[in-house]
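Chain IDs A, B, C and D follow the sequence of writing; residue 1 opens each chain.
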């Protein structure tokens, strides 16, 4: 009798112990996740959570021994009611709880707030400096050796009566480096039109070919030499990475350009181009933001634009106040990054991760 | 009009793409993948422009008997061959206009397109890629010279990492006692890769990233527009 | 026949391999031939590849199987055709629309992607407690990581005359860049030599049967 | 004697060519210090009981064959030596041929091994991670036949193999996506099958962190070096060892070139000064 009472009491205490299992839509997201919470008696041996989909298919989403916890079930159907069952195993008994929740898609990703704020700060800074440049404020720009040399390279080609080779990288127009390269090409084309030096531009992609043709033609018109523009000097080789390189190598060996420019996005082929160019004795300038290829350009070219220098080039060459203003905006971003890192490191030393987590939210 | 409408389009598209990053609600969360798919389709059409440029150029050289015209003829023939094979019998599992060409495949051991791919395209591509081994040697010979502090740093780290990556490193400093393990070549090379190298790579990524953000912003705002060319 | 064609294929491959290598000595007819064949073959390869792997599944098959459901694909198809209008001088300006849409997309996507992965992620990865490393080497390494990143970023600071005291962090930044360039160079040697080994293995084993 | 730049380059190229070719023809067989990453892989195979079935997945194509093929050969040889039965799968289309080549090569030393009893090539399946997931539920549904068109249920060695849980270990030789990461995330994390494998030297640093206390990866062969270490552990003078010799010599040679370059620069400078 006593034993029976005891068992009864234990049973009651289980019942009294707030065994809870809740599900709720994960807030501020794309409506594909549900947050599951459970809190069970500490005597729980094993917990299994199942998702019961419409066709009575049962998927086990979690298996754990933790008596309480939180789990996010993700990659779910949007705006849909989802049913869950929790099966808890105690020493001799099992308990089954059920709950439902509906996924909802919202209009803002809260975890990306840090990302948005920093992006807006950088953009506003850039726009602000562009505006103040428009109003006449002058900005200083430090020397970039690789760009000063452009004049020298064109001069050398003119002197020798040999062409200039310009390679706009091996990426398509979906890479900003290619677009930055086309901007540099426009300056170079203008100069070469003035000097009446031939400019050869082989392209890997048709889209780049189209844009490059426009850019060069425009530059020749601007320089007042539309007659000197040769459409056939800007051509397509092949979409293939190494096929393209083989073709350029052939051009370097046969046309013997006096100056080579490699600007844009480059991969493994960087050293093939630069070494072949070196062997032909051309004066070489390269520029890329592809960190892994920079060493090869640095060792084999006369001048190299490192990373951001590629993007600063158009401001540097044109001395256009708007471009210089934009560059000042980038510098503001750098200052912000440096301060963020230093503050972040100091906070980390004291064990505070608020700032890091706030910024990291976006990338998770 | 011919100039401003494209600029407005670029602005609208760019702005919507950025907005959609922060809005999890439909239709915004599908915009980017849709645009990316469109990009693929548009450039799929555009590839013809390049190919036509290639054919025109080669024919021009052949017809006018410019120097080396025979090689351009060979190029044109191989282009046509590969294209015809691909269209007629397809590639790999994809059938072409004439199906999968079982007859010719059993004769060649593969579809004609794949046969050319394996026996011509692949070796050409792999061999061209492998030229890098030679160029890395000649570049090292010429450029890793003791000159100033900066070029010394370049050379010394290169040498340490080259030694550390092979069994040479293990042999050279394997005898070092436990307390001096840090100076063991493979460990030192790993240290350089993990810390100073990562630091510089990060600096390049961050500043170039800012350059890209700025350039993108200028494009969206229509300040950077050289890609559109002239007015006419 | 298959075995003959197999052997023939290996001879073709060997011919092209040696022709490309011959370029290292000097430009010659064999290289010129291989180069042009390579350009031709690869241009056609990518054309065929794009037709079968991109245009068919993403456009044509979809339009044929379910036209009304995929009618939106007519927009990129139309833009693609506008791209082809470049071929005629009179209609060339039409290609500006697809180009500007593509560049707008590129700009938007790049801005987000680089802000996220190349700026914010790198910044948070550098926010570390340098003293949490288990050993002295780790602490030194972490400090180098932080100093290198900060001075490296400073090196790219354009709008300030880097003179006097402002020159110091910039100089340190360059040192880090140089160390990194040397390390990357050294690290890549092995992968590049592997490529050469691969080609020589082909020549010596599959072609000449000198090695097994 | 003064050499022109062109002649210098030609000398460098010829010497490098010879330095790489000769060790391939005349193997030296330098032994290397075996790293822990490799030893863990070795011990996994070594301690797996006889008659167990294992998977070697060929997730690469000819472009990375130089580094990954020796790993495949060595792991198959080791498994056979321990009387384990090998299933070959491929997440990359060209992996199927890679597997056939590897079996053919190792069969030369183990002529008694039979297809269907000691090894089987199930072929390529598209889909990456999703496919691995499906293999975790039911192998036969993913692979109704092997690459010789023998029905799954007619293959003797697969009689007791219904799903991934029934194999003793999985080795993914991987040169990208899909590859070892997909196997690890599904087979190891969801089905608790030990996952090991190998990758190219370039991508190895990215995977080494997974060889941890939890054995997310059960060891890893990194590039030719890893492969040659494995060969030395199983006592095979295989192609990785000879290729590693070629690597070491090429590296040494490049160091010599750097030395010579400096000597030349030094001499030129002195000549200019005098």
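Throughout what follows, contacts are C-beta pairs under 8 Å (C-beta built on N, C-alpha and C of every residue); 3 or more make two chains touch, one makes a residue touch a chain.
This structure is a prediction, so every number in the text was calculated from the model and none was measured.
Interface comparison, B-D versus B-C: the higher number of contacting C-beta pairs is recorded for B-C. For subunit C, the chain with the farthest CA centroid is D.
In this assembly, the C-alpha centroid of subunit A lies 32 Å from the C-alpha centroid of subunit D. Separating the centre of subunit B from that of subunit D, both taken as means of CA atoms, is a distance of 25 Å. Separation between the centroids of subunit B and subunit C, computed from CA atoms only, is 2 Å.
Spacing of subunit A relative to subunit B, judged by their CA centroids, is 16 angstrom. Multi-chain contact residues of subunit B, defined as those touching 2 or more other chains: 21, 39, 43, 46-51, 54, 68, 122, 124-126, 128-129, 131-134, 136, 138, 140, 142-144, 154-155, 158-159, 162, 165-166, 193, 201, 204-208, 210, 212-213, 215-217, 219, 227-229. Counting partner chains per residue, subunit C shows two or more touched chains at residues 20, 23-24, 32, 34-36, 38-43, 45-47, 50, 83, 86, 99, 102-103, 105-107, 109-112, 114-115, 119, 123, 126, 146, 149-150, 153, 156, 177, 180-182, 184-185, 188-190, 193, 195-196, 198.
In subunit A, the residues touching two or more other chains are 119, 122, 173-174, 176, 179, 206-207, 210-211, 237-240, 242-243, 246, 254, 291, 294-296, 298-299, 306-308, 312, 327, 330, 333-334, 337. Across the interface of their complex, subunit B is touched by residues 8-9, 12-13, 16-17, 20, 30, 32-33, 62-63, 93, 205, 225, 244, 247-248, 250-255, 257-258, 260-262, 265 of subunit D. Looking at the complex, you find that subunit B touches subunit D at residues 92, 122, 126, 133-134, 136-138, 140-147, 155, 158-159, 162-163, 165-168, 170, 174, 193.
The part of subunit C that touches subunit B in the complex is made up of residues 1-2, 5-6, 9-10, 12-14, 16-17, 20-21, 23-24, 29, 32-52, 54-56, 58-59, 73, 75-77, 79-81, 83-84, 86-87, 93, 96-112, 114-115, 118-119, 122-123, 125-126, 137, 140-142, 144-153, 155-156, 173-190, 192-193, 195-196, 198-199, 202. Across the complex, subunit C is touched by residues 2-3, 5-7, 9-18, 21, 32, 35-52, 54, 68, 71-72, 74-83, 86-87, 90-91, 94, 106-109, 113, 115-134, 136, 140, 149-151, 153-162, 164-166, 182, 189, 191-210, 212-213, 215-217, 219-220, 227-229, 232 of subunit B. Residue ranges of subunit C in contact with subunit D, taken from their complex: 24-26, 188-191, 193-198, 200-201, 204, 210-211.
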